[in-house]
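Note that chain A is present in both complexes that follow, paired respectively with chain B and with chain C.
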Partner chain A sequence: MNPSIKMLLALLIAVEVSFTQSWSVNLILVLGSLIWLIAVKVAPRKIGLLFLVPILPAIAITISMYLWTDQSVHFILVLVTRIFAYVFVGSVATLTTTLQELILSLEQNAKLPSKFAYGFLGAFNLIPKIINEVAIIRSAGRMRNQTMHFWSPSLYFKAILASLNWSENLAEAMTSHGFVEDVRRTHYRIIHVPHHNYYEFGAILVVLQLLLFATPLP
Partner chain B sequence: MAAVTIKNLTFSYSTEHTSLPATLKNLNLTFPSGKFSLLIGPSGTGKSTLLKLLANLYPAFRGRLETGTILYDDQSLADMQPSSISRMVALMFQDPDQQFAMDTVENEIIFALENLQVAPEQISAAVEWALEFVDITNLRHRVLSTLSGGEKQKVALAIIVAMDSDVILLDEPFASIDRGSRQFLLNRLAKLRDDAGKTIILADHNLSGYQDLVDAVFELDPAAKQITRLSDEQAENRFANFDHQLSPVKLGIPTAEENQVLHLSQLTLATPRETLVHVDSLGFAKGKITLLTGENGSGKSTLFNAITRLGHYQGQITYLADDIQKIRLKRYAMQVGLMFQDAQSQFLGITVDEELAISKKASHHPDYYTDSKITEMLTTINLSGCGDQVVYSLSEGQKKKLQLLEMLIVGSPVLLLDEPLKGLDLKSVTEVATFIATASHELGQTFIIISHQLTGLAAIVDYHLTLANQTLTYEEELK
Partner chain C sequence: MNIFKAWHLRDIITLALISIFFGVIYWVIIPLYNGLTIALTPIGLGPAANDILMGVWVMAGPLAGYMFRIAGSATLGELLGSVVEMFLGGQWGASTLISGIVQGIGSELGFTLTGYKLYNWFSLSLSVFTTTVVTFGWDMIRNGYNKYHIGLLLTLFLIRLVSTFFFSGVLVKLIMNLLEKSHILAPR
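So, the complex of A and B:
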């Protein structure tokens, strides 16, 4: 599915789930997302992580709700399954698309201004640089007898300084390679929105409404 | 084809809040159309500034244009449509890291071509052609952050070539590139001039290899802040002066009896793709200056990272007979220091004075590096009176010199220098070389130096080590 459509679908589902109270629909969403993730061969390790990450907040909510409120078990179940639904539906939008595809699609299909699109992309491309920079900063410190722990303010100061410097450089770099704000660009990789994507988008939303409002699911 | 004319140009790095003296003052000159012009002059005096002005990046990103105009043929740069400027002129930065916005080599070139509104069906061929032109087709799908310094410079050059602008500006494009590639790329640039009629303006401190290729030489006079075109005779003189120092030097080979400070045994350095270096057994002589040369991407910086425990390796490295993995990292870092290729990586403070204070506090030789000694050294490298200046606002050359000075003051028994001469003019090179030789002779410090630029260094090195065919070998000659 086209990344922008997928993103929009995930957002709409998340909003709707926030205002409805059906733990079984939440579970159906988790299951549906899980099948999707397995179908497009997302690494099992990443899928496993999706189960692990929400566990802590889920336990916390269960315990505090059960002990300190008089909410029903049904309500607690809704809240807990909702967390998992958010995580899994969100993952379908993010784990099945590369950042590059998503941003190109947002630029071409969702008409996101290219300065934002490439600003984001540039910032994400800085991540390996930042990790490397932190290692170098700590090593540079050691060579002049300054130990930097991960809580040392000077480490953060240097890292922030480096980032500020990079953000300025990034704008200059993009300009030097011919980027001009609000000027038309060509696209080497054209991201299409196939017609069937709209049908799929509509169908999924319709099924969700039926499950939520037309069936007696708990 | 376009001539570049500069009229009455005065530029300063003044901001809204501070007023600074002009960096370039009342410039009037013309870079001839379809010719190869070389711009020379001491580091930190405004060559990069001029190129960024010509590329319309300044004053947009920094500084203030006090007066003057820049004309491409008869068209004023200020009146051009922003979208047509890149078709007229493209600049390759001095530091390639500062010019990349995308993740891979291919994506970066595509990004540039899309900006220039090249038709999608022509992009693939243009990418291929540019990579072939610079002879780096093998780098097409590589992630930029994994490339060596020299490889990055080649990629930056390929992008400028792909952009196909009428005027090509290059700011020290070969600073991290080995001599073989340098000559190859210079010939390719000359071909762009001859076949495609490009106007090429190139700034460099290292004058070797240009003599037979360039059509005009311009020199920046730092005192007058002016640039003048040299006569043929003056240009010959500059080249001769530079080449004069390049005659081969005979060197010895360290003997087995010599005291070794570092020793490598069964060392293998590898990337996920390939083995870069394998060494059976090799030592570095104590208290000597060893020069390490080798092609781009051959693994020189990787070796330095292994020795300083910044990177992984297989095998054993010993420091004074102790396995370096068994020495506490904090203690070891004060024994074996590294001067990074990128000067900014070294800085821990904000101003020049703060930087020096950190080094003085950590110094192994506080009695040697006294305040008066440091002041004297600062004066030699033209940094006196800059104490309050923010280190990040220094020119590339000044950063490099400050970086070396602060590592010398620390005076760790072994100091590795990764391209310490990058961005330095001949005068600064000589000063820096003298500093290194003095520290070696008077304090017994061991130096291992990676450098592509040999002028000025040849006179001070004791041994020459080459990295070729995936291994390290001592050579008897330096040329």
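So, the complex of A and C:
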């Protein structure tokens, strides 16, 4: 499925289940996403992690609701399965697409201006460097006996300084390679949205509405 | 579209890089969030961990709004931060993205209400307040906060307000002071 369509679909479903009160439909979404993930051969270790990750918040919310409200088991079950539905539906969008594919598709299929698309791409390519930079800033601080916590203004200050420096370099590099803002670009690799993607998109949403509103599922 | 016109390549990259830095910092404190949740769960206050740390998750919005002074920058900053967190493998999946949009709109509102003309303590505090209200409203729907008894609900709201005020208000202002003192944000 086209990355833009997939992301939109995941977002719409996540928004909708935020308002609905059916734990069985939440479970069906989890199951459907699971089948999708297995079908496109996502690494089993990653799928396994999806089961573990929501457990803590799920337990927290269960105990909290049990102790502090007089809600029925049904409501608690809805909240718990909702957390799992979020994680699984979201993973169909994130684990089956790279960030790069998503951005390029947003540019070509969703009219994202190319200065944003390529600006983001350039920046996102620096993610490993940024993770490194945060570690460097913190250890540089420790050498001067300053511990940088996440509430230290200087940690963020230094991060912003690095961002300003790098963005200057990156923008100049892109310009010198011929990138011009607000000009129509041609594409070497054209990303199509196959017609059947629209049908699949519509069909999934229709089935979800039917499950939610036309069946007596709890 | 007109709102895109105000943005130039360099600003876009700067904003994206700053959001990524924040995304990485959000991601680094996930263990703290988990620890807090575990500690608070036995007394049934596990979800309060979210309110305690809310100020950190929403920092990128007010900072970007204050720094770039362009309509939409707070929303965009917060949204990009959440995209990064999501792709780095944050624990919330697609809902990270929705939270990012909700938080971004929340902090944007504060600057919108002052017509993008006022950048001082007042507009920042306003942004803190709108962020708290909007995100809390969202949690009332999504996490069933509306079912809590009124006393607990008010406590959670206050915790969130204090946290947001500290991180997105005081801390953002301190960071901005450092930036202003260094004269690095000279008009381009």
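Annotations
We adopt the following convention: the second predicted complex is superposed on the first by the 188 of 218 C-alpha atoms of A that agree within 3 Å, B and C clash if a C-alpha of one lies under 4 Å from a C-alpha of the other, contacts with A are read in each partner's own complex, and residues count from 1 in each chain.
Convention: a residue touches a chain if its C-beta (ideal position, glycine included) is under 8 Å from a C-beta of that chain, and two chains touch if they have at least 3 such contacts.
Since this is a predicted model, take the numbers as computed values, not measurements.
Once the two complexes are laid over each other on the shared chain, residue contacts for A:109 go to neither chain B nor chain C.
With both structures placed on the common chain, the touch criterion links A:53 to chain C but leaves chain B unconnected. With both structures placed on the common chain, the touch criterion links A:167 to chain C but leaves chain B unconnected.
Legend: residue contacts after superposition of the two complexes on their common chain; A:100 is shown touching chain B, with no touch to chain C.
In the superposed pair of complexes, A:24 makes contact with neither chain B nor chain C.
Legend: residue contacts after superposition of the two complexes on their common chain; A:183 is shown touching chain B, with no touch to chain C. When the two complexes are overlaid on their common chain A, residue A:141 makes contact with chain B while staying clear of chain C. Set against each other, chain B and chain C touch different numbers of residues in chain A, with C touching more.
Contacts of A:175 after superposition on the shared chain: both chain B and chain C are touched. In the superposed model, A:154 lies in contact with both chain B and chain C. Taken together, the two complexes place residues 118, 122, 133, 154, 161-162, 168, 170-171, 174-175, 179 of chain A in contact with chain B and also with chain C. Of all residues in chain A, those touching chain C in their complex are 10-11, 13-15, 18-19, 53-54, 56-57, 59-61, 63-69, 71, 75, 79, 82, 86-91, 93-94, 99, 113, 115-116, 118-120, 122-124, 126-127, 130-131, 133-134, 150-151, 153-157, 159-164, 166-168, 170-171, 174-175, 179, 181-182. Residues 100, 118, 121-122, 125, 128-129, 132-133, 135-137, 139-147, 154, 158, 161-162, 165, 168-180, 183-188, 190 of chain A touch chain B in their complex. On the chain C side of its complex with chain A, the touching residues are 1, 4-5, 7-14, 16-18, 20-21, 24-25, 28-29, 34, 37-38, 40-47, 49, 56, 59, 63, 67, 80, 83-84, 86-88, 91-98, 141-144, 147-149, 152, 166-167, 171, 174-175, 177-179, 182, 184.
The touching residues of chain B, counted against chain A in their complex, run 55, 57, 60-61, 82-83, 86, 90-91, 93, 98-103, 107-108, 110-120, 123-124, 143, 145, 159, 163, 308, 310, 329-330, 333-334, 337-338, 340, 344-348, 358-359, 361-362, 392, 406-407, 410, 412.
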